[in-house]
Amino acid sequence: MTRDEIRDGVFRALTQVAPEADPSRIKPNLRIRDQLDIDSMDLLNFVIGLHKEFKVDIPEADYPQLATLDGCIEYLAKAQDLR
Amino acid sequence: MSAPDISARPLVDRDHAVFLLREMLRIRRFEEKAAEMYSLQKIHGFLHLYIGEEATGVGAMQAFTQQDAIVATYREHGHALARGMPANVLMAEMFGKATGCSHGHGGSMHFFDASRRFYGGYAIVGGGLPIAAGLALADKMQKRQAITGCYFGDGAVAEGEFHESLNLAALWKLPIVFLCENNLYAMGTALERHQAQTDISRKASSYGLPSSAVDGMDVLAVEVSTRQAADFVRGGNGPYLLECRTYRFRAHSMSDPDLYRTKEEIENWKKRDPIMLFEAKLRELGLLTPSDLAPIESEVGAEIEEAIRFAEASPREPIEDLLKDVGGQPAR
Amino acid sequence: MTKMTYREAVRAAIRKALRDDPRVFLMGEDVGRYGGAFAVSHGLLAEFGPERVRDTPLSESAFVGAGIGAALGGMRPIVEIMTINFSMLAMDQILNNAATLRHMSGGQLNVPLVCRVATGGGRQMAAQHSHSLEGWYAHIPGIKVLTPAIVADGYGMVLAALREPDPVFIFEHATLYPLEGEVDESAQTFDISHAAVMRPGNDVSLITYGGTLGKTMQAAARLADEGIKAEVIDLRILRPLDAQTIVNSVAKTHRAVIIDEAWRTGSFSAEISAQIMENAFDDLDAPVARVCSAEVPMPYAKHLEEATLPQVDQIIAATQELVPGHG
Amino acid sequence: MAKFLMPQLGADMSAGKLLQWRKKAGDRVQRGDIIADVETDKADIEVEVFSTGTIEKILIRPGEKVPVGTVMALIREEGKPAIGEVSPPPRERAAPPAPTVTAQPPPPRAVPSTPAAAAGAPRLHISPVAKKLAADLGIDPATISGTGPGSRITLEDVQRAAQTRTAKPSPVPEMDRAARMRQAIGAAMARSKREIPHYYLSTTIDMSRALAWLAQENLKRSVEDRLVYGVLLLKAVALALRQFPELNGFFVEGKATPKPDVHVGVAISLRGGGLVAPALHNTDRQGLGELMRSFRDLVQRARAGTLRSSELGDPTITVTSLGEQGVEAVFGVIYPPQVALVGFGKIVESPRASEGQVTARRVITATLSGDHRVSDGHRGGLFLAAVERLLQEPDQL
């Protein structure tokens, strides 16, 4: 899965939770929660979205790695390789 | 039917004479105390004093039995006392207390005592006359040996109810003694300024009623005339009108500045103060010695004083009972 | 049950009372030899004699006052005031003595007096003989005010009133005397504390009393043809008013029209409307409507009198105004 | 010493002017003597004295106008007549004038200033029964167009709106709806502040044990079934309410009506502004997993605008959590007709001493806004303490 495909998947999960999110204006290196109005319920739904999109199990302990867009892509890419 | 000869003086026995004097004095002192209590704001609203007319009230009342019915007017303190209502329940009524003879609902103008058939004071001038007609009608229809004494003032003769009631009473031969206390003034209007015919007793003839007039300042004369009128009525001969010519020494009420008559006129009439007149007559007849008076005064004073204490100490009616005696309420 | 007219029903009740209770007697202008201005007491003088059926002089204040006095004295008088128009002459005795003596005497005296009074207009009697003033009497604490609109009530209310300890005023609308209806002369008890639902309905409550019940029932029938199910309430008693029956009805229908022959301003309909606002506010889907007489001294001419009095068409129009889809 | 008062000379007299004295200090007077002339509105009146004795002191000068009951002179009574001293009326005070006869009508009570219409909302033209049904169904009347006379909203209008509302969300443009919602929330909040006497309590709750338990629990759960800590807070509040029923219910028509079931309303912010607080039915009887699922479902439907009207109308209490927005403690406004609101702030690390040892504990600030007509601080405090205790045994929730 290419990085772009992973990026699109992440955005799909993100817009599920925050429809008003505009992918082009999300800064990849800043915390997503500082750029969008995301509460713990949204975060959970985002993680569930990623789980369905990429068929990976994401333990709570790994949540910090998903704080930024780049972090998500990095984490998911690693998870794909493991499989 | 010629007017009864009222000049014949009965042989007066001493006990009855002292009783009459004492009754008049009770009324006089009660009224003086009522005036004082009014000025101290213990009594409010209207207060009409009977000072000067005591002979009429006391004299006439002697002619009525306990079974007879009495209807009075708003100037009724003297009639209530003469009828036997205790001074304390009258004072309590004027203080607006629950122990008053009308539970504080009526005040000075509306004393009632069903047990003594004292059917109260009426504030609407002439309002009592039709009631008296009805009471007499009921007694007659139930064949009760009783007549009705109906007091009213000279002002009432101008009201339609006076003429309607006298006619109805004469028409149906109702057992009523109509007692007109002519004190020469309808509040601020002298008799000759409110009546074309000032001889009130003559008004009865237009309805076929026998009538007469008597000196309202002479307690014995009033008693004799009223007894004769009452005997006539008890004989089933229909109603009788007795006019008692008297005078009030005080204003119409506590709110009346009394400007419509001169001081001289009042002073003249005071020379015929009914209590002074009767005292002098009894001394003349040797029925009264100067030492008799003091104990009567102190006895009367004590009764009036006790009335004040009773009225002051009495409770007011609780607000919860506001609607207690009002008829026509939905069934609880 | 026997079929009779309204006047015969009232007469039957008075006759029964005169027979059953020696304290009862009838007093009023022309009640004896003339048989009553509306022929209600026809034949009673012959049966009971002049002592108990007493013609009076035209002295309303005196004979109403005498009625009060006689009641105080232990009798049970039925005083007939020929019409409400003349009752003004006796209003002082009624207001200041009849209604007041029990309370003012601290409960010592009560006045078991029954006063029957013909009322209302509609017979071209003009201004001085066509008044509807029942609302004035219903304003006075101390008395009861009954308005028999049907023949059965014409009979029952007289007998019920005679059992009351306090004064009762029965207003008989003059147009009702020839009305035909059923009376159960064996009945022993008669209700004088509840209004009656004369016709059930869900869309609007038509509330009235006395002489206007007939017109209200006609209006309800015609409204039914248009699909509006109107509930008709006959108040029967103006004091004490049975507000609960009114509130229950408005809670169901959410709309009320009050029909009252009195002049609109300060009429009894205003009191009913106020009580609906106070007790059924949250159930109202439209303001309370009123159909009353025009505020003019009753004109003599027929067309003018009809334009003054509440009519069936007005009741229908007022109702259509309230019911959605019709206004 | 007897007092000579300005007498009551008529039913409607409240004061009188002394014209002249007919006696001076030291003169002897008899009961009934005229000793002064007084001018009233009606006329000049001669005033008699009711006691016998000698005038001790004159207190009022001619020309002075004084209220009825004022002491104008003192009389030393000599040998009282047999009837004894007239005891002066008990309430007589020495100098100050007696109250006037006709009590002045109390000054008109300052007309309570009617609160400005909430946030300038135009007054709705709606019939009482329609307004009541809209309130019962939790439908905002502002969102209904009236078909009655003068476009008054009628009963039928509300009934029609209720049917269409539950069928599909009324296609109201997003912005317009948010503005209307802001208006409705504004009106409710203003009314709440105006009518409900709030009291506020706060406490800090140690969450360490609960969060540790949660982390363990979530390890065992798949992603979809994971719990958020909010669920623990909701369940603790719901269970605590069983012991404090007075906080769980409404205050309507002047009296508190506690509700048997516990439906905790959860404040959910909507994307693009606005807030709703739909109910989690029987919060206390749902297990944590079940509660999590209904909570997630509620949030999604709230944000999609497909909430059922009963969910809007049913909450018996509301919980609001602004922790994620960085707020430490929130003192919220109660949603009428409810009688309490619980607020939770963010979880922070804070030094806590226990048994002499200071350790870093993760704590949260819990607050209670209570309706003082229904409950008081004492009961509110005990309630918060119960919530804290429950959160110390997360496995029992």
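Here the chain labels run A, B, C and D in written order, and each chain numbers its own residues starting at 1.
Assume a contact is a pair of C-beta atoms (placed from the backbone, for glycine too) under 8 Å apart; a residue touches a chain by one contact, two chains touch by 3 or more.
Keep in mind it's a predicted model, so treat the numbers as computed, not measured.
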Contact-richer chain pair (by C-beta pairs counted) among C-D and B-D: B-D
Chain located farthest away, centre of chain D as origin (C-alpha): B
Chain centre separation in whole Å, for chain C relative to chain A (CA means): 84
Whole-Å separation of chain centres (CA-atom averages), chain A against chain B: 108
Separation of mean Cα positions, chain D and chain C [Å, integer]: 47
CA centroid of chain B to CA centroid of chain D, Å: 61
Category of the chain touch graph - line, ring, star, complete, other: other
Complete list of chain pairs which touch one another: A-D, B-C, B-D, C-D
Touching residues on chain C, where the partner in the complex is chain D: 254, 281-286, 324, 327
Chain A partner contacts - residues on chain D that touch it in the complex: 215, 218-219, 222-224, 226, 228-230, 269, 271-272, 295-296, 299-300, 324-325
Contact set on chain B toward chain C in their complex: 69, 100-106, 110, 112-114, 119-120, 122-124, 127, 129-139, 141-142, 160-161, 164-165, 167-168, 171-172, 323-331
Residues of chain D that touch chain B when the two form their complex: 5, 7-13, 32, 40, 42-45, 50, 68-69, 81-84, 86, 89-90, 98, 101
Chain D contact footprint on chain B (complex, rising order): 32, 36, 38-42, 44-46, 254-257, 259, 294, 297-298, 301-302, 304-305, 312
